[in-house]
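Input: structures, listed below.
Each of the next two complexes has chain A plus one more chain, namely chain B in the first and chain C in the second.
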Partner chain A sequence: MSASGDVAQDPWSAPGPGPGTGVATVPDAEALRRPSDSPLRTAMRRLRRNKMAMVCLGIVIFFVLIAIFADLLTKLEGEVLNDYHLDLVDDYGFPRIGPTSDHWFGVQPHDGRDVFARWVYGARPSLIIAFIASLASTFFGVLVGLVSGYLGGRVDAVISWIIDLVLSLPYLLFAVAMVPIIVSIAGGVDNVTPEGNAQIRFFVLLFVLVFFGWAGLARLIRGEVLSLKQREFVDAAKVLGVPTWRLLRRELLPNLVAPIIIQFTLALPAYIVAEAGLSYLGVGLIDPIPSWGQMIDAATNYYAADPLFLWLPVLGVSVLTLALSWFGDSVRDAFDPKARR
Partner chain B sequence: MESTNRAGQTPILTVRDLKMHFPVKNNEGLLGGRQIVKAVDGVDLDLYAGETLGLVGESGCGKSTLGRSIIRLTRPTAGSVLFQGTEMATIGERQLRPFRRKLQMIFQDPYGSLNPRQTVGTIIKTPLEVHGLAKGKEKERVQDLLARVGLNPEHYNRYPSEFSGGQRQRIGIARALAVEPQVIIADEPVSALDVSIQAQVINLLNALRRDLGIAFIFIAHDLGVVRHFCDRVAVMYLGKIVEYGPKHEVYERPRHPYTQALLSAAPDLNVVRGVPPKEHIRLVGDVPSPIDPPSGCRFRTRCWKAQAICAEQEPVLESRDDSAQDHRIACHFPAQLEGLTAAV
Partner chain C sequence: MLVYILRRLASAISVVLVTIVISFGLFFVAPSDPAGMLCGVKCTPARVAEIEKSLGLDKPTSEQFALYMKGLVVGRTYESGGVTRECPAPCLGFSFKNDQPVLGTLIARLPVNLSLVFGAALIFLITGVTVGSLAAKRPGTTGDRALVGTTLLMSSVPYYIIAILVFLYLVIQVPILPRPAYVSPFQNPGAWIAGMITPWLVLGIYSSTSYARYSRGSMIESLSEDYVRTARAKGLSDRRVTFVHALRAAITPVMTIFGLDVAGLLVSSIFTEKIFGLQGLGITALQSLTNYDLPLIMGTVIVGAVVLVIMNFIVDVLYSVLDPRVRLV
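Moving on to the complex of A and B:
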């Protein structure tokens, strides 16, 4: 099998003119040399031309900037997050003041903490959890889907069964039930500081979201892989001896870029809503980590007296979610213009 | 390299009693059951260096499956495939790696066989990278290959969607050539192309065979293309070879009734020129299911010469007293039928 016994080397390396079968004639040699656009780049160009998408992206970036510069904004206001101002609430817990130059959005009922500070810091966990959960569930979903779909057979049967199991679990019930259990397993509640508890909650929430999030994408990717692996270019790669891992990464994955990006952008708003919802229900983030869901929960009791306290976090969640959803839709349209309504 | 002068030469590729069976579920009855599709059921072939072996037969006869199991896209159920005397039908994927350089494949569908998300350069570079060839000079090598298959080397950065079917097929050929194979299995390489493009691609393959001495197993259903391109021809029916011999023997003196029917079914261009049409052999019935093939001779259910012995005894693929020595027929009643192939 040594290479030395190969057929004469000369004809192989001789570029020569084509074997008399006519070179395809293209007039402009310069245009030929220029690399042509990859499907990804074409989609991105289409996306950039979509005004709606760009407006939504702007809104998302606005919130991201708020989250990043939460420290700075609070300093600008001259307040500190989670500082109690008991002098600004009356004996019944109602705030004595509305928006002032000291407290731009007023203070919270009950403990008098600054609402503006809570609100800008509240954007952080929302976005961080949404991005990390989306990244993690996309990563696991793609990995599991690729392996399951490509290997097939028993591996696929077992993985598909697990996917079906996870998807059939009642999400809300399990999330609500799982959080206290995992928190206590993680050593929370009794013998930890409130900060420690809030930290544990943060990671538990992340875990729960990813646990329920990967399966849908895994099933989607598995289906795509099942159809892709019937294509002859996969056979061609096998005949060339391309190792399985490289085949998955270099041959299949590039063909899955569109569904992956689409699912990722659509998962972001879903996770923001999920975080706010679970925090509202009391199984998400807890004090002292600020969160819009908690604020909404706290505000419902004081709605009549202090509507701004309710509307700010509602506005934050709604606008961010809406912008992300529309952006996700535009991404889908950019990758698959034929599916446009 | 002449196909007639093979005495004493050892074949580069030897296929012995190759079987490719697929289990399928059937849903009859309460629990269903498993059945076996015998897509390829005991095939012997020899391929000599530099020669071209045509594999013909109607759809579903197992010719593509045979090609795919020789090249180990599927692991054969039984039998042996020897490449220069080394067994490659049963070894693991890792041990198979060196053989992946020696045997290559050209595919039927020029649209499905190229990854739409890779540039032409990446597609042709992949085999070089996988086998560690032309290290550091991959791009030059790819451009040489593009030139060799008659494409502009500047097409390097283009995506497959920017090419026509014929050009895509050339890209597929360049990819197969990248590892400098000694055997190429071409699975209907021109069936999906326009007739004018077919001729160009066939000429390209001819030039490669001539210049590089590559041996081809050429799978096709177009008898005319096979006659033009191949040295020897094997006719398959329902997972078995029924007739096997030099091109001119099989085309001009077909002995197996199935081959005769196949050749007779080819369109006769002389009719257009005003010559009265020859009588066609019309086969009746469908190809039997490969799940439960007929006993004895598999062709007997559609054969006009079938007798009792055909159901009882399976005819052996062997040469006859009055046939050429390397012309083998699997039939109990092989008889010559002249003048079937005027226009093929």
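Moving on to the complex of A and C:
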């Protein structure tokens, strides 16, 4: 049931993280030198042939482009992010206008801010948080899993206990309780500008997501390392006197490429969901940083009068997570076609 | 067996202890001014000092922690303005906001979570396993592929999005589903069901998709076993082979996940509570944050962790009865 399947079969042919890893050290493995035999390349080839995966990738790229060119798109519309148009909302806070040529998706209830601008800028924190949190939790998860699994003994006992602890905490309850507390430890709330507070929230949210995110991968990698370190090539490297750090990096890590990439791609949609969800609950991102979760929360009171205000962020979150998680599934299938459901 | 249980118990207790230490460290060390908040606008420094003294906030952190732990184990007494209050054994203190005992508030809200999980779990276990088993009997057919496609689609869209849309469009705009509200089942069972049916259906059907997938995979495996062929050869009816012989073996891994999911749902149904307006544990945590009600936040987190750890412990022990091999690990 190893997720890495064929990758684990041959430690030499898997490309390492750096350029020019390994291959030349096996003189009798002519066949392995052909690039097409590298598991990573085989997987990439399978992935490229998967139409569904490519469509999903296209959708993800579309959102990434929206996020990158958010300023440009807003300028094109002729609007400025977070500009208040109080003349465009009535006394009860309902917007007076629908979509117009000035405000493509209408204006927000209450303060009359432009919905299009909030939406395109909202793609930014979502993608940035998902990407950084995935990178960071993958990095820590792999590091901890490698060290724990390889060293074993007391180190492993302590690390495993910590992993179990993090995994057995009530994640959502803890995240909800932690965010405001860490914000106040980081010096937020009263004596900081709204922009400063929003910045602090951004980093606190990242911290909380990574804090709860690394443990699952660490456990997986630890398990893989436990079985990998019984193999002959590890013994061989040890006999040759390869230092531990180098052994971990050059011998073990390349064998873990498949589970790491799979977990990374599957973490992306999970973090998008988590960010928008926590922002919806009011413990994630806050004004003036625009976020889809916040927009959904604000829109629930005006959904009938202003459906666009609700549906745009709803579609943003749903379509992006859908595309990312289907892409992640395809990546897993590409590395391990047997696991296909 | 006993050794395994004791070892699991030790790790469960250590998790609870560490949770208490971490949450105490986080919450009480955080710079905040609970005394000033309690006191309100017209506040004299003397009154602030008095409140701080009664809450024990004037003492060093280590001593406060010792007091808190003492309160948890043997109870403690609070003195404020000449009035003494007893807080019996698992004492989580009094709310900064409304002065009610924290444990009482949380116990009053726990039935909401229990009801929610009870109904939803019933729905997702039964529909999930039935649909999954039916699909497993004919893998690759149109019905099976439709099922796999739907579950994949459902599980990729965040739960809260679906819950919000159902609430806004099927409860508010077109009132097909009854408006959620919690009524105690012992007072009025009918109203209890009517009030909980919407969240049950939404949570139950959403979660049943992953159960359909687990049990499908697990059933495909057990349907290909030799003993299933033997059962068929004996001339047993198809239904008996599927739902008695094969399902019995296939259900074990599903039940493990079920136990863990129920435990998880019990303490993190916060989206369901917020969207459907149910006053459970999660919403308590969310509300206590806006008031900066430290004892209530801490109490919620500790109760949540304890409930989760106890449930996980029970699941592990039950699983070790079902599958003795795990005891060796």
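One rule holds in what follows: the second predicted complex is superposed on the first by the 304 of 341 C-alpha atoms of A that agree within 3 Å, B and C clash if a C-alpha of one lies under 4 Å from a C-alpha of the other, contacts with A are read in each partner's own complex, and residues count from 1 in each chain.
Everything that follows uses one rule, which is that a residue touches a chain if its C-beta (ideal position, glycine included) is under 8 Å from a C-beta of that chain, and two chains touch if they have at least 3 such contacts.
What you see is a predicted model; the values in this text were computed from it and never measured.
By the touch criterion defined above, A:317 reaches chain C but does not reach chain B.
Residue contacts after overlaying the shared chain place A:172 against chain C, while chain B stays out of touching range.
In the superposition on chain A, A:161 contacts chain C only, with no contact to chain B. In the superposition on chain A, contact is made by A:326 with chain C only, not with chain B. By the document's definition of touching, of the two partners only chain B reaches A:237; chain C does not. When the two complexes are overlaid on their common chain A, residue A:276 makes contact with chain C while staying clear of chain B. With both structures placed on the common chain, the touch criterion links A:185 to chain C but leaves chain B unconnected.
Shared contact residues of chain A, touching chain B in one structure and chain C in the other, are absent. Contact residues on chain C toward chain A in their complex (touch as defined above): 11, 14-15, 18-19, 23, 26-27, 29-32, 148, 152-153, 156-158, 160-161, 164-165, 168, 173, 213, 217, 264, 267-268, 270-271, 274, 281-282, 285-286, 289, 292, 297-298, 300-301, 304-305, 308-309, 312.
By the touch criterion given at the top, residues 68, 71, 73, 86, 96-105, 107-109, 112-119, 126-127, 130-131, 143-144, 147-155, 157-159, 162, 167, 172, 175, 177, 179-180, 182, 200-201, 203-204, 207-208, 211-213 of chain B touch chain A in their complex.
Chain A contributes residues 1, 6-8, 11-24, 26, 29, 32-36, 38-39, 231-233, 235-243, 246, 250-251, 254-255, 257 to its touches with chain B in the complex.
Note for the complex: chain A touches chain C at residues 161, 164-165, 168-174, 176-178, 180-182, 184-185, 269, 273, 276-277, 280-283, 296, 300, 303-304, 310, 314, 317-318, 321-322, 325-326, 329, 341.
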